[in-house]
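By written order: A, B, C and D. Residues from 1 in each chain.
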Amino acid sequence: MPDSKLMTLPEAVARFTWDGMQYASGAALPVGSDAIAFGRELLRQQRGDLHAIFHCNTQQLNLLAATGAVTRAECGFSGLEVFGFANGLRRAVESGRLALEDYSNLAMPLRLLGGALGWPFVPATVNIGSDIQNRSAFDPAHTPSRDKIPSVVDPFTGRTIGAFRPLTPDLAAIHVTLADALGNAIMLGTEWSRFELSRAAKKVVLIADAIVDTGCMRQFPNLVRIPDIIVEAVVHWPFAAWPQGSPGMYDIDEAHMTLMNQALATEAGTDAYVRDFVHGYRDVASYLDMIGRETCTRLSGTATGFLLDPFRQWLLPAEGTAA
Amino acid sequence: MPDSKLMTLPEAVARFTWDGMQYASGAALPVGSDAIAFGRELLRQQRGDLHAIFHCNTQQLNLLAATGAVTRAECGFSGLEVFGFANGLRRAVESGRLALEDYSNLAMPLRLLGGALGWPFVPATVNIGSDIQNRSAFDPAHTPSRDKIPSVVDPFTGRTIGAFRPLTPDLAAIHVTLADALGNAIMLGTEWSRFELSRAAKKVVLIADAIVDTGCMRQFPNLVRIPDIIVEAVVHWPFAAWPQGSPGMYDIDEAHMTLMNQALATEAGTDAYVRDFVHGYRDVASYLDMIGRETCTRLSGTATGFLLDPFRQWLLPAEGTAA
Amino acid sequence: MSAQDYTRQEMMAIATGREIRDGELAIFGVGLAMLAGYFAQAHHAPRVRAMTEGGVYGATPVGGLPWGIECNRISTNATSFTSAIDALGCLVASGRCDVGIIGAAQVDRFGNVNTTAIWDGPIGDTYRPPKTRLTGAGGANDIACGAKRTLIMVAHEPKRFVDKVTYVSSPGYLEGGDARARYGFPGGGPTAIITTLGILRPHPRTREFVLDAWFAFSGVAEIKANTGWALEVSQDARVVPEPTDAELAALRRVDETGALRKKS
Amino acid sequence: MSAQDYTRQEMMAIATGREIRDGELAIFGVGLAMLAGYFAQAHHAPRVRAMTEGGVYGATPVGGLPWGIECNRISTNATSFTSAIDALGCLVASGRCDVGIIGAAQVDRFGNVNTTAIWDGPIGDTYRPPKTRLTGAGGANDIACGAKRTLIMVAHEPKRFVDKVTYVSSPGYLEGGDARARYGFPGGGPTAIITTLGILRPHPRTREFVLDAWFAFSGVAEIKANTGWALEVSQDARVVPEPTDAELAALRRVDETGALRKKS
């Protein structure tokens, strides 16, 4: 039998991250499930010069960009959906502190799929013919860019299309709804690109809202889209996506989404946010205190809660899931 | 609200198949879940000159090849796993009646993925350098084959790899464990390539072991890997994969697997098999009689039965699922 | 005139929704585009096969404007959740999707869309930080390349309607004429730009967008004044019928939290 | 010598299983290859990360030899089911998988495998129907290209051990030497051919397979007589230790229905 991979969040960040690494977030779009708690811990451990691979921006990238921890980023969408532009990321891009390489929301997961399959390139039938192909923030001196989405000729028809560069990030910190101690994971809600990312990344750490007994995985093996054999570590961190939402578990904290994005719009606001919401807790219990226990209860009353019902019988109590 | 897509098997075959078509089976490997009942109905309606797209051979292709209904086939594996070589397919290939184009078990789903994504070609890092690339049953006069897996140069490194031709079959008849009347489907057991096939095929017909209320899909949307919006028709046909197995539903009928494969080894045996097991029933009830009600009960006692437990409350009685 | 008061944004959403036909395979972006799409479903296209780029199928949003295209408000009653490659790739970039609705920060006379950033003047040969960073292409580039037709929804202001966008995030007809054909996109390109003032459609040969219709509360002069190029007016340009009571009722059921009711 | 009687097939399975190290990411084919792999897991590699090409993870087969790599006997206690692209593509062809076990109808001096068909002599320039159609490549080609090392399990008979296979279904070292490098495969190629008589391994430079070891019940002469090319014998060739009681017990727990016990 494989061994438990449960560990604490500080331990996971200490063991699997380093300055200058390619760091990927596994999330469900900008305001969906994302292990924002992992980004907070990256800041607590003062990681820097990160090269962020984010299929979409989230509040995590917004925060890491605002503080200067990320210097290069690749993503398909850099906003916060109905919460507007991502102010921290904007400031970093506009000031030139962060080079943001643009792709589309299909290009990013196709690049992850290419990395997962070990392909040297991925056929590109989108992004070609636009400035996504023409302009490169990583190689700004060449317009049209030579090496971002070069051309390739289809040998069957002679037609010219583009070629995407595959992605194989050093680490993927993937938010999942449920994990067991071995590293099997269930996601509720769209996978977005977490399946492809989990295979593309050199190492995978799961951050789970809740831990379940492996019996749950044996009952629902078709839901286990990330199997333990590709996972290094499992972190149990309730409300890991806060202030974003997690289907079946908790809704978006609209007030904090707005507060956070407003704070990240200025350097002073970012400093205050980091003081209060990055260094404002010691452990899971004080993290939940920081969110507010009443807020936690309110957000947990999500209309999607029924999605969790089939799995409740396997949920393990928090004391059983300490690393 | 969308309308019910339930229809009878004869109606589905009559409406969605024709002589000379590219016909794809959606199955789980050679001896796993496959809508073999659909193949029987193809023979009952005397379809011929079929171009079969089978990720792997199954007893369905074995039967369609033995009777001469398939004249061209593409697949990744042409055996029956522990049940040995597929005698019907062998006879057809060895006699030259059927041109079998060989790929590997990864090449086939990648070609389906390429068809699903609308790519002109799919990067090939497998099958190259072997006779799979070198030899073509569809273009036997050219060795090395010119057009089966041509070369393409990676624009990033200059390295030469291969290019697979994408697949977009006219019809996919996909075996699923559970479907609702709208065409949402849940598979238990490996998907194999049914996800990719459902997107690559021009039309999709589901053949389900059981029909469930749509409430089941709303409870387990992450299990619904084939959504109704890409499905033309839903056929309810219990034991559709017989004599093969369906996880959660029924085991392999070992005796009939052997009997069938032995019968298909000769023309006379094939004629007798068609008489007894293709024309040997009128409807679902007499189909189950043909299998044997006691056999059905025994096969249903599969050790995988617990996989169905979470879904039993939504199972609809057969009378509610008549088209 | 409609018996009820309605906003310019509501008119835009209804005019967009009218472009969606029953049974179509359709993809809706976040925000107003999603409200327009689900309005169509609620009103005249009950069998529209709607998806989001997150691979959420069969859903009808609850609780008002969804926060995002994957959020709990749209996850509550979905029948299927898959992935971005599935929705944007297998169903959209492949050429299967009938219609997609996208937004724009800037749109130009050939229907090219910029949602990436605003610079102080042209970018120049060297790519450089923008004055104002926006959201990037998201799934709109994929929709613009793959959907059989694209609808662009955008507030009608001079700064948004430019002769040539600074950055093409999502391709329309590029330099016009047959320029788009060079790339072999399965999608046909934008068939309408629906604004807070009216509807523009592409000339069949030049692919330049011309004024096709105005709303009851707007007119040719106002639209021309708010368009940054010399806008041509179609010979058969006309006024768009006002929202019916049934349309407004359906839209407001979808727009439960009144996102479109703020007067613009 | 072992206290127990055992068959040649059991010895082959145990010798193959000994090549699997604890913790490795491993893919097992159907039939005897699967028994060899699960024997390793049951005996000395409890943390082997096993998968089938159907994307079945975490399983221990029940009820005896699985009918297939996706069947109910292997689906009963799996923790994850995914897909062929996942297992064969993301985990094997990508180069991640440490070791794969494949079978062969024919294998040649450079470890190339034929599982496609047998012809009456060379095929010739025009591809033509074979005398005997076999199973095709299945996932073995993908494993042969992608797995860091491949183990080939095959009954040791002259007709199976040929100078050059008629059809390369799964590449070994092709024409030998550095020929394989032309294709840039992430996988290193076959490191052993394990037979019912002994173990062959490739020469580090020529990549020709040479006799590395024989079993207690066989010997160099018998092996040479059953090999269709002039088999070289390694300088340090030796006898393979017989199965221990623990090994035989573990194998027979896995091979519940005795598939390997038929005397060959």
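Everything below uses one rule, namely that a contact is a pair of C-beta atoms (placed from the backbone, for glycine too) under 8 Å apart; a residue touches a chain by one contact, two chains touch by 3 or more.
The model shown is predicted, which means the values in this text are computed figures rather than measured ones.
The minimal number of chain-to-chain contact steps leading from subunit A to subunit D is 1.
Most remote chain with respect to subunit B, judged by CA-atom centres, is C.
More C-beta pairs touch across one of B-D and B-C than the other; that pair is B-D. Distance between chain centres (mean CA atoms), subunit A to subunit C: 28 Å. Measuring from the averaged C-alpha position of subunit B to that of subunit C gives a distance of 40 Å. Separating the CA-averaged centres of subunit A and subunit B is a span of 37 Å.
Touching of two or more other chains is recorded for residues 75, 81-82, 85, 89, 93, 146, 186 of subunit D.
Counting partner chains per residue, subunit B has residues 117-118, 125, 159, 161, 188-189, 191, 195, 221-222, 307 touching two or more of them.
Chain-to-chain contact here is organised irregularly, matching neither a line nor a ring nor a star, and falling short of all pairs touching. Pairwise, the chains that make contact are A-B, A-C, A-D, B-C, B-D. Touching subunit D in their complex are the following residues of subunit A: 1-3, 116-118, 180, 182, 184, 195, 199, 214, 217-218, 221-222, 224-230. Residue ranges on subunit D touching subunit B, taken from their complex, read 30-31, 53-56, 62-63, 65-73, 75-76, 81-85, 88-89, 92-93, 116-117, 123, 125-142, 145-146, 167-171, 174, 180, 182-186. Considering their complex, residues 25, 46-47, 49, 51, 57-58, 75, 77-82, 85-86, 89-91, 93-96, 146, 186 of subunit C touch subunit B.
Within the complex formed with subunit D, the subunit B residues making contact are 28-32, 55-57, 75-79, 81-83, 85, 89-90, 93-96, 100, 102-110, 113, 125-132, 134-137, 140-141, 143, 159, 161, 188-193, 195-196, 245, 247, 251-252, 254, 302-304, 307. Taken in their complex, subunit A has these residues touching subunit B: 114, 117-123, 125, 147, 150-157, 159, 161, 163, 165, 186-189, 191, 219-223, 306-307, 309-310.
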